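Here come two complexes built around chain A, the first alongside chain B, the second alongside chain C.
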Partner chain A sequence: MSIELAGIHKQFGSFAALKNINLTVPTGELVALLGPSGSGKTTLLRIIAGLEQADQGSILFHGQDTSHYEVQQRQVGFVFQHYALFRHMTVFENVAFGLNVRPKNLRPSAKVIEEKVHQLLSLVRLDGFAGRYPSQLSGGQRQRVALARALAVEPQVLLLDEPFGALDAKVRKELRRWLRQLHDELHITSVFVTHDQEEALDVADRIVILNQGQIEQMGTPEEVYEQPKNAFVYNFLGNVNLFRGRIQQGRVRIGSLEIEAPEYAHHDDSGSIISYVRPYNLEIERSGHGQEYFRAKIVHIRAVGPTAFLELKREDTAELIEAELLKERYRELNLKIGETVFVKPKDLKIFLEDYCI
Partner chain B sequence: MAGHIALRQGTAAPQSRTTTESPVMRWLLIGIALTFLGLMLVIPLIAVFAKALESGFALYLKAISEPDALAAIRLTLLTVAFAVPLNAAFGLAAAWAIAKFDFRGKNFLITLIDLPFAVSPVIAGLVFVFLFGKPGIFWPWLSEHGIKIIFAPPGIILATIFVTFPFIARELIPLMQAQGTTEEEAALTLGASGWKTFWYVTLPNIKWALIYGVILASARAVGEFGAVSVVSGHIRGSTNTLPLHVEILYNEYQFVAAFAVASLMTLMAIFTLLIKNFVEWKVNQQAEKAAIHHGQTEDNHEY
Partner chain C sequence: MLKQLLQKKHSILPGFGLTLGFTLFYLGLIVLVPLSTIFLKTLGLSVQQIWAIATEPRLVASYKLSLGASLAAAALNAVFGLIVAWVLVRYQFPGKKIIDGLVDLPFALPTAVAGITLTTLFAPNGWIGQYFAAAGIKVAFSPLGVVIALTFISLPFVVRMVQPILQSLDQEVEEAAACLGANRWQTFVKIIFPELLPALLTGFALAFARALGEYGSVVFISGNMPMQTEITPLLIMIKLEQYDYTGASVVAAVMLVASFLLLFLINILQWWSSTRHA
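Here is the complex of A and B:
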């Protein structure tokens, strides 16, 4: 079941939560809606579910317009951030709920329901928990019950709103891997909302990056990470160092640094630019010359694990930057706090100022 | 070891604070409280039953089984039977609207619900007289159609509804606000109709608070004097509720009979109190459950 959104617009009072969203989720894919808080990602998910109505635009499930369908008719499974389990019901009753509330002629027999519930509970690895109440479960267990409950009605589409947002880091990682496995088994079209770029890059087939109610970029994790369309996307997907500078006839000048920028060669006017470099793209040298290096003083070193993190202060602009280098290289250079080194940025992403956040 | 034990006692939080007071202070405070309770509550309670049974059990039975007393009991129960369900329906609707939706004038509605707490019951009664009584706004239309409200049971029921108006809504609003709407939304996405969502999800979650509200409203409906007194007209065997009946008997110097009926009301009150305590205990249990349910972020490490 594919999902197509066309021209979705949503207004809350004077605040435009979503502006002209066009999006296609192909059948069987796991798509992440990624964005900072207030970017409209949850609103978009709720509109797909029918929990919220769009002011304009249409939603098509498998080519069929469902914009005016009630929540109940959309056949979506929805997993809430805070689980929303029915607190007065046992795990079994929670999972069986969607089947039990069906009209008599569509309701499976009690025996079929029981089999189905136990099958789902073993799918989410909660056999033996059927008689417990939600308050007797841990967060991760609750979220898996919520997932089993959503799957019980055999939804066409699975929607998850920050499903792991309320869990601690370790559980979150385990659970999202497991969700990926589950998705690969069931192949149900799924959309999940997250503000965690790592989570999106880790599990999604496709990432939709939202900002201020608009889609900034869509693509596979590799695409959005390697070829960010604009400054916002680059900045949002991981740690970056920011350099402000000026551009003139294809040459970028940032402090004492001067770099060729052939992609802007046609750009005659001189203008201000913002450029980003990932910390692992900063090369550290003991000595260097030329305009591709700048000098910086080491202010802080954190050398835990396989990589060393350096905090450096540029000598030309006094700005703080972050660099990341492999442990071996770090040992080889024998760096100490307070020393001055030469820094060479590789793979600088340059964006003209008016594109920036 | 000793330190360990002390620590474990310390987990019973409320106790640890009182133990820091000196024993003298503690006993003094408890003594004052108990004396006050005895003077203001226990002695009057005993007095009611003592006076009621003063001339023997036979007279007591006669006092509460004579036709006027029975009529008063009947009217009181009728009033409760109308006022409480209507207020339960209203309270549910209002709490639902306030807790689950955002709309203009929400705070005004909350204030309005509290109005009967602030207004004197006598004034509440007078308002109904002014609306439906002989000089009232609706009087011409009512008399034309032969409908009697003031000095008749409908007026008593109306006045009682007004006075007991906030009890159930007030119990439900904070609980429903705390619970939020996500469980209902979950039910809807699972295909449940609005009615089934209410019946299987909303109602079980508020059950004990609702019962608690009903008990409070019933107790007040049985005992209401001021508002009912104004609209009733004190017609014996017809528009007298139990409190009004007690007053009439008392004014006629029929002390034994007055206290007999009063003791009946007292028994009703004690009975309600017992149920109330049981429900309160249940509600607290549920609130604790809800608190655990909400504190989900803390206890997820044992996955």
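Here is the complex of A and C:
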């Protein structure tokens, strides 16, 4: 079941939460709506579910316009950040709820419901928990119950609103891997909202990056990570160091640093630019000369695990930057706090200031 | 044993001993001492004598009226109080604050004033009573009038108990039910109502207890006809006026035991409805 959104617009008072959103979710894909808080991602998800009405635009499920369908008719499974379990019902009753509220002629027999519930509970690895109440479960278990409950009605699409947002880091990681596995088994078209880029990159087939009610970029995790369309996307996906500078006839000047920027060679005017470098693209040397290096003082070292993280203070602009280097290289250089090193940025992404946010 | 108690680890919250001591002293002074005097007064009588006084036909008729009318009033308020609370929490409309304030009025109004007003309204020649009279229904000076007076004075309990619970209900839970295909009625019956039930029962119990002890407003509207519209508190007054203190305390003891048992029952119900999903 594919989902198509065309020209969705939503206004809350004077605040435009969503501006002309066009988006297609192909059948069977797992799509992440990624963005900072206030970007409109949850609103968009709620509009797809029918919990919120769009002011303009249409929503098509498998080519059929569902914009004016009630929530109950849309056959969506919705998983809430804070689980929204029915706390006066057991796990079994929670999962069976969607089947039990069907009109008599569509309701499966009690035996079929029981089988189905137990099947779902074993799918979410909660066999033996049927008789418990939600308050007797951990956060991760509750969210799995919520997922089983949503799946019980055999929804056409599964929508998840920050499903792992309220869980601690370890459980979150475990559950998102498991969600991916589950999706590969069931192939149900799914959309999930997250503000955690790592989560989106890790799980999704496709990522939609939202900012201020607009789509900044969509694509596979590789596409959005490797070829960010603009400064916002680059900045949002992973750690970056930001350098402000000026460009003139294809040469970028950032503090004492001067780099060729062939892609802007024909850009006549001089202007301000913002450039980003990922921490692992900063090369650290004991000695260096030329304009492709700048000098920086080591402020802090964290050398736990296979990579060493350095915090450096640039000598020319006094800005703090982060660098990441392999443990071997770090040992080889024998770096100490307070030492001055030469830093060479590789793979600098340059965005003209007016394209930035 | 005592040593163990004294050597108990200190709680993080200070003042446990002091506050507990005060609580027990206060409750003892204000509640237990007056109540136990009632039973002390009856001690001079034999069981047969007590039984004879407690089962006088006039008294039995009053028990029926007091219990029946109080239950009816509490039940009426459970239904309509729930609706009032629902409207006050769920919808926005002009004058909402005023209506919200009106709910407490029966608390503030002297009960005698309420009784006189209700009697004037519902008497056969009163504003409202005349229409009932035309239909052949007697409101004031009948058990129906008693129910109306008791409903009036016990209105705030259910509303005020249910309101905060309704306010704190999680919107997402209802949305989850809707996504699963439940219509509004199913959502109310299966999701919202079970959450409200403990508060509703508490409200019901309080309204019932308040109605059972009510005197001031009822004596005006009931007409106080022996065997018909006499409530039990009135009979206690009558006995006191006749200097029959032992008789009065027997009736009071019966009332006390009856209301204690009923409240106990309701508390059990309430406990059951709130802990089965612990």
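One rule holds in what follows: the second predicted complex is superposed on the first by the 357 of 357 C-alpha atoms of A that agree within 3 Å, B and C clash if a C-alpha of one lies under 4 Å from a C-alpha of the other, contacts with A are read in each partner's own complex, and residues count from 1 in each chain.
One rule holds for everything that comes next: contacts are C-beta pairs under 8 Å (C-beta built on N, C-alpha and C of every residue); 3 or more make two chains touch, one makes a residue touch a chain.
Since the model is a prediction, treat every value here as computed from it, not as a measurement.
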Clash or fit: how do chain B and chain C relate after the overlay on chain A?
clash
After superposition on the shared chain, which partner residues are touched by A:Asn334: those of chain B (first), chain C (second), both, or neither?
neither
Chain B versus chain C as contact partner of A:Asn105, first or second or both or neither
neither
Contact breadth on chain A, by residue count: chain C or chain B:
B
Considering only touches as defined above, state whether A:Glu174 meets chain B (first), chain C (second), both or neither.
first
Should A:Ala166 be classified as contacting the first partner (chain B), the second (chain C), both, or neither?
first
What is the contact status of A:Gln141 with respect to chain B (first) and chain C (second): first, second, both, or neither?
first
Note: overlapping chain A surface for chain B and chain C spans 49, 51, 71-72, 75-78, 80, 82, 84-88, 97-98, 101-102, 133-135, 146, 149-150, 152-153
State the interface residues of chain A toward chain B in the complex, per the touch definition above.
49-51, 71-72, 75-78, 80, 82-88, 97-98, 101-102, 133-135, 138-142, 146, 149-150, 152-153, 166-168, 171, 174-175
In the complex, chain B touches chain A at residues 182-183, 185-193, 196, 200-201, 204-205, 289-290, 292-293, 296-297, 299-303
Residue numbers on chain A that touch chain C, as the complex places them
49, 51, 71-72, 75-78, 80, 82, 84-89, 97-98, 101-102, 133-135, 146, 149-150, 152-153
Hey, which residues of chain C end up touching chain A in the complex?
170, 172-173, 175-183, 186, 190-191, 194-195, 276-278
